[in-house]
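Note that the chains are named A, B, C and D in the order they appear, and that numbering of residues resets to 1 at the start of each chain.
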Amino acid sequence: MATRVTVWNEFLHERENAVVRDVYPDGIHATIAAALRQDSGIEAGTATLDQPEHGLSADTLSRTDVLVWWGHKAHGRVEDSVVERVAQRVWEGMGLIVLHSGHFSKIFKRLMGTPCSLRWREAGERERVWAINPSHPIAHGIGEALVLENSEMYGEPFLVPEPLETVFVSWYQGGEVFRSGLTYQRGAGRIFYFGAGHETYPIYHDKDVQQVLRNAVRWAHNPAPAWVGVEQAPNRPIGKAPEPIEQRGGSLHAAGEAGFK
Amino acid sequence: MATRVTVWNEFLHERENAVVRDVYPDGIHATIAAALRQDSGIEAGTATLDQPEHGLSADTLSRTDVLVWWGHKAHGRVEDSVVERVAQRVWEGMGLIVLHSGHFSKIFKRLMGTPCSLRWREAGERERVWAINPSHPIAHGIGEALVLENSEMYGEPFLVPEPLETVFVSWYQGGEVFRSGLTYQRGAGRIFYFGAGHETYPIYHDKDVQQVLRNAVRWAHNPAPAWVGVEQAPNRPIGKAPEPIEQRGGSLHAAGEAGFK
Amino acid sequence: MATRVTVWNEFLHERENAVVRDVYPDGIHATIAAALRQDSGIEAGTATLDQPEHGLSADTLSRTDVLVWWGHKAHGRVEDSVVERVAQRVWEGMGLIVLHSGHFSKIFKRLMGTPCSLRWREAGERERVWAINPSHPIAHGIGEALVLENSEMYGEPFLVPEPLETVFVSWYQGGEVFRSGLTYQRGAGRIFYFGAGHETYPIYHDKDVQQVLRNAVRWAHNPAPAWVGVEQAPNRPIGKAPEPIEQRGGSLHAAGEAGFK
Amino acid sequence: MATRVTVWNEFLHERENAVVRDVYPDGIHATIAAALRQDSGIEAGTATLDQPEHGLSADTLSRTDVLVWWGHKAHGRVEDSVVERVAQRVWEGMGLIVLHSGHFSKIFKRLMGTPCSLRWREAGERERVWAINPSHPIAHGIGEALVLENSEMYGEPFLVPEPLETVFVSWYQGGEVFRSGLTYQRGAGRIFYFGAGHETYPIYHDKDVQQVLRNAVRWAHNPAPAWVGVEQAPNRPIGKAPEPIEQRGGSLHAAGEAGFK
């Protein structure tokens, strides 16, 4: 069974800024999708901010096993209704890979329940991404560390919940550290945040970074059927209780009535 | 140092429904606040939905160490701006105790990033709340289990993130189980969800439940100074890097420029 | 790539007790191995206490991707050297499924670092194993709960560390609850504890239980190369530091000297 | 209620090595105990390897709320019976602070269930201990980072289980990172591992390090009564089940019989 991926990109820097365009002439999404397709078990499409519904229609999302998210300067332009639609799909079981500046995207903040803030510096300094859980499937084939000769510094404290697993921790030349690879589950969906990816450096052309992306996509794919109705709180009537019981005590609800939302 | 608590209650059932009014003539908030005040180190005030700003002004929240939340039928009437204000205070370090039907409150869903859905049945059946982590401060003095002779069933799956700690797990007469005591951290704030508390039964008059509430309030109080600005991502300029570094590679930002939000 | 499993069984009750022999004439291990082989991607062998090295030679373990463990009355007869060998293989990446009374096995206590104690009652009462994380790969195909009409009660508190994930929580007719499906990682190895399996009831003949076992084996298989030397703390000499540094301050060690153990 | 601490030290380097003796003329334990006593709520005693029972008699441990552990070259000389006694006390509720090279102590490996291995280099390089969870009680008063001008490098991967909380992550001049402040719970006992403390540098004379030690001791103190019998698995007879049930199905045990160990 193939893993169907949609790579979402804001796709603004590449059109507006010469430095970025030189690095990603077809957009970050195109580079990432091409990297994913090197795994024959991955089918990768793309979507961008300026498309109708940002390219994330209900139909597209229903056929997406894993969504990859890259955004930076236009988080605020993503429609709330699309954010909710994506969140719903994650709860139903769609995987989500949030990249780099996506830490401040609406969807990541929505799913974390925290500010997702951090410290940053754009100095082109060296970053060493240590695989602290090197046998984790997301770190497969990476070795002990992945080195980015030029990177943007992202520093702790990183305001996210305690993760399920810490896969990568980064060292920066300028003196900071960052938990740069973190896993979460929200509803039935698996989430991986990966810190690497500043747009002015050719980070998504790096073969190790590409390997992490492929690994992460495979890991995030939950083959369970979509959990439709995951957000609902169904009443389980007395007559359908697993063990036989009878009504006792006071009640607010008439029989069979829906609960409050 | 006293722990300053604000007990928030929707306060609708008690005024509209005779069954509930009989159990809580002055409102659930009054009963809970009185129970908390049995600990001389706790100062408890109250706030309700119909007050201006739902009784949760910036000033009140700034003087609140721990907020207790009970709501049920009017989650949708809580203003989003107040929800965001409460979330911000939690990130800054305010503790939050979410009770029973508060699982579907805007603030709990906001901080969890999940639907917080569950199964339910109002049959007045017996619930046995097992202290599965009996040496946890929140379970102090409870013994192996707390028994509620009449309770509303809340059943798994409960759509919340994996907790930091599972303190209580409930057994129901009708055959279900529920993780009824869960801890989380969001930003600097500690959160405890406690399942007990259906409004038609005298659950907040139970001495063991009251003990759990006092324990939880004490546990959730983070004495660290409020983390003002927790939601911001400050630039750390090259000249202020902990280790001396120089600018290298391409850049998108002019020197000293603010980051994107 | 097939998953190579070794099913280990104490294999005493089945030979000594008529009730158990009637349920498992060829031993619990034979029943489990047969159930696993229903998945064509699983190759299952067996090993028992009375074999040389308890059937767990270094060679056998080196060719085992996942070890399944059932023991009850003879935990103390398992040689410590074999326990250490198994622990080492788990750290290197071998998966481990610990079943039922295996909670008190040397290997489980060794890897948990806790007493692994619990409460128990052998009354043949009904157990309802709720899939509280129903989209987890281990719960695949189970539905909302798995019902065991006759089961031994295992009750909380269960003295294990907070798990990575809670997959199943059990309800018992007699009033108790139990976290009956828990995941852990130790070194590179994934561990799943599963509570079902008292020897006097035909629990491993249940098709849902068999499904969980197949799921768990698949989940626990870490395809990463064995992490040989996982237990060692290698010196990284100054000349091989990732960043150039020079010796400063006092030193206890002569150059190139091994560390203390 | 005062927190009663026992500071345990191997106390060999200070007597055998001139460099270490110059830094800690009375032993590391004496320096740490003096630092703890700056908090008037802490009563600190000491114990060392060469004392009878390593200074850790049952009586001493029964009067110890938190044990601090420093060892390096003689882990193997600590009697297994004393290790088991300490583990039992941790499960009963005693706090444990494991320092620096104590990562390879018998007691830490015993409680983690993992090799606790890491990479190391003794170059006197700079270490920056970032408080990544700065509002955690253990980081109280530390600021964003604690700087050790000369430190031994401890590098990832650090073979411990996923922690409950990651409080500190260290940056090293030579290019590595390390999770240098981790919390765990084992039984009723809270455990904190803190990486700082190489014996040839004056690290325990640092005021910030001393603050962390005081914070950690306060955090690790569980005021709950000692959980005597935490390691036992008591039978809960049918007649004492919380809900009335009757014996059904086959049985291995005679009525009232003890379980297998």
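The criterion applied here is as follows: a contact is a pair of C-beta atoms (placed from the backbone, for glycine too) under 8 Å apart; a residue touches a chain by one contact, two chains touch by 3 or more.
No experiment lies behind these values; they were computed from the predicted model shown.
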{"item": "Option reproducing the contacts of A-D, where over half of them reappear, out of C-D, B-C or B-D", "value": "B-C"}
{"item": "Of all other chains, the one whose Cα centre sits farthest from chain A", "value": "D"}
{"item": "Chain centre separation (chain A, chain B; CA means) in Å", "value": "27"}
{"item": "Whole-Å gap separating chain A and chain C, where each centre is the average of the chain's CA atoms", "value": "31"}
{"item": "Separation of mean Cα positions, chain C and chain B [Å, integer]", "value": "36"}
{"item": "For chain A, residues contacting two or more additional chains", "value": "128, 133-134, 155, 162, 164-165, 173, 175-176, 185, 187, 242-243"}
{"item": "Complex contact set, residues of chain B against chain C", "value": "128, 130-134, 144, 155-158, 162, 164-166, 169-172, 175-177, 179"}
{"item": "In the complex, chain B residues that touch chain A", "value": "13, 17, 19-20, 23, 72-76, 87, 91, 101, 104, 110-115, 117-125, 150, 153, 155, 159, 161-162, 164, 173-176, 184-187, 199-201, 230-238, 241-243, 245-253, 259-261"}
{"item": "Chain C residues touching chain A - in the complex, by the definition given at the top", "value": "93, 128, 133-135, 137, 140, 145, 164-165, 173, 185, 187-188, 222-224, 227, 242-243"}
